[in-house]
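As structure tokens, here come the structures.
Consider the two complexes below, in which chain A is the common component and chain B and chain C are the respective partners.
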Partner chain A sequence: MQSNAQLEYDYSVVKLFTFATILFGIIGMLVGVIIAFQLAFPELSNLAGEYGTFGRLRPLHTNGVAFGFTLSGIFATWYYVGQRTLKMSLKESKFLMTVAKLHFWLYFITILLAVVTLIMGYTTSKEYAELEWPLDLLIVVWWVLWGVAMFGMIGMRRERAIYVSVWYYMSSFLAVAMLFLFNNMEVPTMFWANGAPSSAMHSISMYAGTNDALVQWWYGHNAVAFVFTTPIIGMIYYFLPKESGQNVFSYKLSVLAFWGLMFVYLWAGGHHLIYSTVPDWMQTMGSAMSIVLILPSWGSAINMLLTMKGEWGQLQTSPLIKFMIMASTFYMLSTIEGPIQAIKSVNAIAHFTDWIPGHVHDGTLGWVGFMIMASLFHMAPRMFKKEIYSKSLMETQFWIQTVGIVLYFTSMWIAGITQGMMWRAYDEYGSLLYSFIDTVTVLHPYYTLRGIGGLFYLTGFLIFAYNMFKTATSGRVLDKEPANASPMAS
Partner chain B sequence: MFHWLEQRPFFFAVMLFLTVAFAGFIEIIPDFAKASQPTVGTKPHTVLELAGRQVYIKDSCNACHSQLIRPFKSETDRYGMYSLSGEYAYDRPFLWGSKRTGPDLHRVGNYRTTEWHENHMMSPSDVVPGSIMPKYPHMFKNTADVATAYANANTQKQVFGVPYDKEGMPKLGSWEDAKAQALEDAKKVAADMKNQSVKDAVANGQVPEIVALIAYLNSLK
Partner chain C sequence: MDQETLMTIAGYGKFFILLFVFIIFYGYAFSIYKRQKTGEKDFEKYSDLVLNDSIDAAPLEKRDNSKEK
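Coming up: the complex of A and B.
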């Protein structure tokens, strides 16, 4: 058996996915900023004919950031964390190396095709499952490849017990596989065209109406769980202790939080359908389980915060620690906000309003985005064997993006509650007080603020991309791998 | 037990999967038979309406418009009777949406006309000052995909047993029959429109997207 010191990890696939994370991040966030400003200044919706309307671009944004940026980040960190915590190197297996590379290229092609087909208007309409059936088949192929790589790597491990991070990546692989398959059960209509020259890029859902909605939100909610939550928890369980040099605060808490999250998460999907036509007991269950969900969510977050016990001084010295602690804090905010919105009476006001995108974005921008960028920053000196190019740029990025997020969610809180209250307002004669358009025009300042918040975040992301690029190309060469705190030039 | 599992990835994965999937078994399976019964009087969409529904999906109208009226007085006052499960029995996919940047459309056919939609889709802010909806002039030029709408309807009929061609239900027949019927329906919509190029296109046997879309919107009642 090789000793740890001699084990040389392979970063070729990690680098490819890192590149994809940055590329799709820029595209996805840029589209996000554009559509945010389209709501404030609708003329922007008509600059590129049918290809530039809000409707065409919105799925591009959600797919771009969820399945472009976030998934790339998950895969990049998986191939990094996986090798290290399992104590194996991809170099040791030609087969797994081939699988991993194939995984990357098929994935990359799929996302490029997704961009093209979504702009052209090929969509199933189901949120976060918009891609049409040929692309879905492609996704199944590389998802399976990821599974082969994952379990192959686990099979080759030298470390007997698998680390918490790996549990979370595993859960992501298994749950998304199940959710994706069931929600994307669709029938291509070309096989029943009966001679009509119909499109090959069209399918209809296996489920109809209320059932379709039920399956969709069972998927939609849990795509959030197993793309935006569990793998990101996997990241923080590895990168925070590693960067800070601290042990994870509590093993027991990590076990409790993990299995709790796994059991509770899927029940909560029903909170997307409160006051809809799905059975009442499911709505109530979704509502109640959302409250229960606070426990395992905060369990992980508190475990991470307590990991810093006695070492809070690092928050002052390391912007990287700052990113991770802020990420964990936003995770706590987001996982208390979600359950609040799932309470039936709150949901009556919040549902269909801008408070929902507001909630999504304090999670995605604050938690997912910060954690992925922090992870890549931590990985950079190890995979490029260079010092991080600039600490001050990292500081700048941190504050620009934090301000951006705060602008985003505060404006959307106000917008959402304003709109929700206006929709239900009656005058003294018992007539509706506002026509619908009144509840739209009132939102203009908040939409503008939200756009500016998004622009801040995008600017920060471009600084991140520049910092990473300079690290890879002109960072000072390190002669040995840093143990904990990542070295960075001022 | 957890230590044991953590050293045995296979059993770990099995346990994990069962734990995650549990809620799905309980929630989804029992409800399937019950929720898919159509309400009395609910009919599947005609081919022209389906073509319009496809336009609605293509341009992601559902990104900003819901089709789900919740059982609150403020909603029934604004949009009409609250939505019933059976009304959606033929909706593949469902189009409830999750965001009301614009108003709900589940019963828009009750209170908007062809003429209103024509003006509104061309330039929403001229009809509703302050509207932030994009203009859709391309719908007046693009041709609706009636062939795919036919394949869509026929798939529903053959695969899912949707009652096309039954008594009192929309006719489907062969592709030629359906095409002729869709054009016939399109003519009725175009008769209430004033855009000359749209009228000409329909007279020449073509169905612009706007005609199909309006047929669909008018059918939402």
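Coming up: the complex of A and C.
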């Protein structure tokens, strides 16, 4: 290793992923708002022929925000947090720098191809695993590259102790590798078509029926765990203490919450299949493990809130702290709501209703979105060496988006429970009281409200993108790196 | 083996696996808090890894194999 006298951290890859986070965030959220309004006003599905239908746009939204926006945010913050807590610079290794850049470009190309192929209608029809086999192979390549960069950086570190955030990123890498490989085992039909016409893009899953459902939801729920949860916890364990200048309330609790989460999360996926054809004990286990999951989730969330002990004044002065505390609060809301929905008797009402997307979105918009944007805001003055362009824009964004999230999840709570009750209502002869279309009519105002909530969030995201762009291009130049609170112009 | 016996074995199996993990996990928790209390290892110092993360800051625990050129 070189002497670290003139050594600096290298943020070139961080900047590339930051750009991707903003770009894919805009695309993914815009499509989300469009499909929300399509559900309220179905005639909007016919504006762009087959390319504008809900069936094509919905996977574009989910893949865009999960694997475009969120993964870019995870990679951007990894290359930042990783270097800083391990006390090594990518500049020290030409090999790791090349791997990191290759990781970015292959990733970027894959997500662009994902946008194109999903719009064209290529899909495996497996939720959150829609991308077809050639793209799956590309994903494996850059996921391995991320691993090489990650463990290469860990191998080169000066600091013996590995900070808990890095553990969370590592768990994300390892778990997603395992989940992705098993769930995407597929047979490209072209090679076994025996001369029958087959698209080169088409494949079928190696599993069928209940087995397919089991593998799918083991993957699906843990994609939430290891894309939307663990790396985001990794972020808050670094960015909240750093921005506030406070030590983590209890490092011991952070370690225990980590192992608790690791053990419990992988067993909870069965709650997606309650009252289906999977074995009963698996449904009960999925339900029970989901309840146990409250403990490690709240362990981390409470640890973060207590980190602010004695420093709550910062909540009034810093919009960045506001974003992170609100994120942590939404994490608590979401991780109590999920287990409640996983209780069998509650699930009987909640399953297949709009309460489920409501739950997903208070987690993704409130927890994941807020935490990623806050992390990018914190990194901006360090990587661009400029002051954040506008504090008042941050405040405006915060309130617009918070109102947007509240509109989203409250409308979906009401819609979901109404829907669940109407589906189950029957008269004294046991005949159903309502047909499906009756529920659609009743839910219309809530669907409209959801669209408006999403539009608020998207507006806030565009403000964020503008603020980041102006910070990079015309923020006041800083002569030295800020230690804690990020400088921002009023 | 009939279905009922299988279900019984599965039930006991599940209980003992959970008990085993429960003991390991709480044993680990106990050991962490005990080591902190007796001064054998200070876990709380690791939160300094965030606050002192500039590249020229001295490592909290320097790696033995990191040789300066």
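The rule we apply is simple: the second predicted complex is superposed on the first by the 481 of 490 C-alpha atoms of A that agree within 3 Å, B and C clash if a C-alpha of one lies under 4 Å from a C-alpha of the other, contacts with A are read in each partner's own complex, and residues count from 1 in each chain.
Note that a residue touches a chain if its C-beta (ideal position, glycine included) is under 8 Å from a C-beta of that chain, and two chains touch if they have at least 3 such contacts.
Please read all numbers here as calculations on a predicted model, not as lab measurements.
Colleague: Looking at the overlay, does A:W192 come into contact with chain B only (first), chain C only (second), both, or neither?
Modeller: first
Colleague: Name the contact category of A:F263: first (chain B only), second (chain C only), both, or neither.
Modeller: Both partners.
Colleague: Per the overlay, which chain contacts more chain A residues, chain B or chain C?
Modeller: Touching more residues of chain A than the other partner does is B.
Colleague: Can A:L393 be said to touch chain B (first), chain C (second), both, or neither?
Modeller: neither
Colleague: First (chain B), second (chain C), both or neither: which does A:V255 touch?
Modeller: In the superposition, A:V255 touches chain B and chain C alike.
Colleague: So, does A:F436 touch the first partner chain B, the second partner chain C, both, or neither?
Modeller: A:F436 sits against chain B, while chain C stays out of touch.
Colleague: Which partner does A:M285 contact after superposing on A: first (chain B), second (chain C), both, neither?
Modeller: After superposing on A, A:M285 lies in contact with both chain B and chain C.
Colleague: Quick one: classify A:R160 as touching chain B (first), chain C (second), both or neither.
Modeller: After superposing on A, A:R160 lies in contact with both chain B and chain C.
Colleague: For A:I236, using the defined touch cut-off, is the partner it touches chain B, chain C, both, or neither? Pick first, second, both or neither.
Modeller: Neither partner.
Colleague: Residue by residue on chain A, keep only those touching chain B in one complex and chain C in the other, then list them.
Modeller: Comparing the two interfaces on chain A, one with chain B and one with chain C, the shared residues are 160-161, 255, 259, 263, 285.
Colleague: Taking the complex as given, what residues does chain B use to touch chain A?
Modeller: 2-3, 6-7, 9, 12-13, 16-17, 19-24, 27-28, 31-32, 34-36, 54, 57-64, 66, 68, 70-72, 74-75, 77-78, 83-85, 87-103, 125, 128-136, 138, 142, 145, 147-148, 150-152, 154-156, 158-160, 174-175, 178-179
Colleague: Within the complex, which stretch of chain C touches chain A?
Modeller: By the definition above, chain C touches chain A via 7, 10-11, 14, 21, 25, 28-29, 32-33, 36, 43-51, 53-57, 59-64, 66-69.
Colleague: Note which residues of chain A are touching chain C in the complex, please.
Modeller: Per the touch definition, chain A meets chain C at residues 1-5, 7-9, 84-85, 87, 89, 157-161, 163-164, 237-238, 241-242, 245, 247-248, 250-252, 255-256, 259-260, 263, 281, 285, 481, 484.
Colleague: Residues of chain A touching chain B in their complex?
Modeller: Touch list, chain A to chain B: 38-40, 42, 45-46, 49-50, 53-56, 58-59, 121-127, 151, 154-155, 160-162, 167, 170-171, 174-175, 178, 182, 187, 189-199, 202, 204-205, 207-216, 218, 255, 259, 262-263, 265-267, 269-270, 272, 275-279, 282, 285, 289, 348, 351-354, 356-357, 423-426, 431-432, 436-437, 440-441.
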